[in-house]
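The same chain A turns up in both complexes below, where it pairs with chain B and then with chain C.
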Partner chain A sequence: MNDDFIKMVEVSKIYKDGNTGLTAVDSASINIPQGSMIVITGPSGSGKSTLLYLIAGLMEPTHGEVFVNGKSIYKLRDSSISRLRKETIGFVFQAFNLIPSLSALENIIASRIMDQDKRQKKAFELLDEMGLTSHKDHLPSELSGGEQQRVAIARALINDPDIILADEPTGNLDSENGEIIIRILHELNSQGKTIIVATHNPELFMAEGVQKISILDGHIEIDAGANVYGRE
Partner chain B sequence: MGENKQKDYSDLSIYHYIGNRVKHYWARYILMIITISVSVSVLTTILSLLFGLYNSEIEILPYNYEFFRVRLSVNQAEALARWLLTAAGLIVISSTAAIFNTIRSSVWESRKDIGILKSIGLTNREIGKIYTIETLWVSLSSWLVGLFGGLIVSNQFLHQLFLGGDSAMFFAPSSSGFGVIIITFIITSIISIMGSHSSAVMASRQDPIAMIK
Partner chain C sequence: MINESSHPTTFNLIKSNLRNKNKQIHILIFCLSICVFVQSLLIGLSVGIENELAQRPEIFDNGVNFFEAVGGWTRTLFGIVSLIIVVTLFTQILRDISERRKDMGIYRAIGLKRKHFLHLTLAEHLIPASVSFLIGTVLSILVGLIMDINFNHEIGIFASPFSVTVWMLSPLLVIFISTIIISNITFYFFWHLPIEEVLKYE
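Right, the complex of A and B next:
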């Protein structure tokens, strides 16, 4: 077990808007152990999504460093950070972000376009697990929100990543579909995956072993007793 | 059964991806092909006129040259050629600019898909390759359509203008024709690659999230 599997050191993100700047994340320093399940909570606009994007290598911080498995990810070359996004981190967006011109199955294996091995066996297994086998040829526009979110989760899992980041994964779903997604994320965590979920409904995800980080106006607060730790 | 289904998708490749995009965004691609074809047609017409003036057709100018029923002297014919050359230069510049801009905005319109591809682990180089192939495929199809249209227009125009309606040269292969084909092909290819490359570079400088949003 790696206690510093994900490490943020004095990370800030300031969105520039003309001459002014909006601080979304302010000097965040946290360590997340491998295999943990973390819920990041806070009101809308508090910086939850930004924190996830920073960990996922999707958005360069204004200051500070993000380490994943000991590598400072924003110091990596384009090809290396892309490999990290492909093989180590799976990201699930609130708005699904499926490619509209590709079917459900093609979206799942989209990251393998350039590869000889399309991992189709794995894709079919994931479709089966997500209950989407009969929808494999459907375009995203032909799927419900819950189905699209399950395709997005399958896409995040196709390369068997160690880390799953989910940004409000139940935000656009009804309660039934929301429960399915929550169950899937808990199952993945029980298989040893590190799961980080940003949500404004933490109670939906709380269970034994799940730890909570609160964020307000870009400042992080870690619940007492949590295995995650921050620095002053 | 399951095995067969899996084989159906063994070809999810760049070409499969591009094919799906063309099917899905067909209206955008038709508009793009029309815009580029028109530009290529204009290029073809003006280059054919120039080639015509400076190759075989120019020989008839000094003796019995009529331009819209006005008889021209040698000096006047040469002045006309210079004027056409200047106009051609401007038209060539604006046509290439139109092709460049069409390609660039087409790739730029795909920035959300590019952002998604980046977020799931494709490198800038891989994405650049996909969109360069797509752009070349679309622009060279447009080049074929535009060339055909431009050659018809220019041949009709040329024989009306210089040969008094004698249709002997209509569609006849000539050194002028081959020159026009090669030049328009080179211009279209280079401009397409430059257009898609500049968009890809612009996209690669952005975080995936900035492109998705």
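Right, the complex of A and C next:
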């Protein structure tokens, strides 16, 4: 296994906020070995989502570098970073970000809109797993929050990514459906996928081998004894 | 009955993409085609009449001034309506762009490549444009032929059915070409949009 599968070196993200800047992530340095499962926790506004975006190749850091599998992702050509977003990383957005004009099924395969292989079989498997088969033709506006969340999760899994980044993936789910998602994430982790979850309820995800990172006002703190390590 | 959305093809996906917000654009482009078509019909008529007048002024006797006036008015009207059409088309498409910023940001976030992105925007605009162009073309040729059969041999209003057809096709062609230009503009606009737009903190 690759010990520096995901590596952040002195990464900061400062949001422009009028004239002043808001430091959402403050020189974070972490190494995440392949196959880890990590829970990021911290109060609202502490920078969890921002940290996930930075890792996902969705938001260029103000300072520092992010490496995935040895490559500095923000230095990649556009086609390469697009491939990374599509094939290597599955992202579950906190606000789902489904495309309103597409049905549940179409949203799941949206990243393959221009591909020959739409991965329909996999999409149907995911629909089944998420208990959404009967809702496959519904538009997001016709789905409940929890159903939208499960569509978002299925979309993140459609390309069988090595890294799954999930921002509050159980935020809108009742405990029963939440359990299903947590079980799926643990299962994927046991298959060797690297999983990073941002959540207000870390206890739900804790299990053997799951490591916790706390973040407070953009400062990262790694729990003692964790396999994940920061740098001085 | 087979539910087509259960078997998503690229075409069906593009269609679904257009489902809500772009519907107005479909209707708009279709209405524009009809509008342009009627306009061209009027112009075709006035040109035909003028040609006829030039060759055999005696057949209309007292009507000469009337038909000359009609020809002039039609063309002025055509100019004005064409301008309105182009302006409406552009504002509609600009509004469409701003409404779909988020969708396009999502597509980028889930990994659509530049190449695919261009194909998607092109297809989204080309499908409706092609349909209206096709309908317009068929209608124009049909009307050109009918007019030729009905009038040509009696009063010889048109030199050939093509004079009408060409008159009707040229504005449609303009719409078609501007659609291609517009979809390219759309593409560059969307592509240079930062994904952060999608992630924007609410």
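Here, the second predicted complex is superposed on the first by the 232 of 232 C-alpha atoms of A that agree within 3 Å, B and C clash if a C-alpha of one lies under 4 Å from a C-alpha of the other, contacts with A are read in each partner's own complex, and residues count from 1 in each chain.
The rule we apply is simple: contacts are C-beta pairs under 8 Å (C-beta built on N, C-alpha and C of every residue); 3 or more make two chains touch, one makes a residue touch a chain.
Only a predicted model underlies this, so the values are computations on that prediction, with no experimental measurement involved.
Asker: Quick one: on chain A, after the overlay, do chain B and chain C clash, or do they fit? Just give me the call.
Answerer: Chain B/chain C on chain A - steric clash.
Asker: Taking the superposition on A as described, I'd like to know which of chain B and chain C A:121 touches: first, second, both or neither.
Answerer: First partner only.
Asker: Using the superposition on chain A described above, determine whether A:105 touches chain B (first), chain C (second), both, or neither.
Answerer: The answer is both, since A:105 touches chain B and chain C.
Asker: In the superposed arrangement, does A:53 touch chain B (first), chain C (second), both or neither?
Answerer: both
Asker: Is A:82 in contact with chain B, with chain C, with both, or with neither (first, second, both, neither)?
Answerer: both
Asker: Which residues of chain A are in contact with chain B in one complex and with chain C in the other?
Answerer: In chain A, residues 53, 58-59, 78-79, 82-87, 91, 93, 97-102, 105-106, 109-111, 113-114, 118, 120, 136, 155, 159 are touched by chain B and also by chain C.
Asker: Show which residues of chain A lie in contact with chain C when the two form their complex.
Answerer: 49, 53, 58-59, 78-79, 82-87, 91, 93, 95, 97-103, 105-106, 109-111, 113-115, 118, 120, 136-137, 155, 159
Asker: Quick one: in the complex, what on chain C touches chain A?
Answerer: Residue positions touching the partner: 3, 5-10, 13-14, 16-21, 102-103, 106-116, 119-120, 195-196, 198-199, 202.
Asker: Quick one: which bits of chain A touch chain B in the complex? Just the residue numbers, please.
Answerer: 53, 56, 58-60, 78-79, 82-87, 91, 93, 97-102, 105-106, 109-114, 118, 120-121, 123-124, 136, 139, 155, 159
Asker: For the complex, which residues does chain B have touching chain A?
Answerer: Per the stated touch rule, the residues are 2, 5-6, 9-10, 12-14, 16-17, 20-21, 23-25, 112-113, 116-126, 129-130, 204, 207-210, 212.
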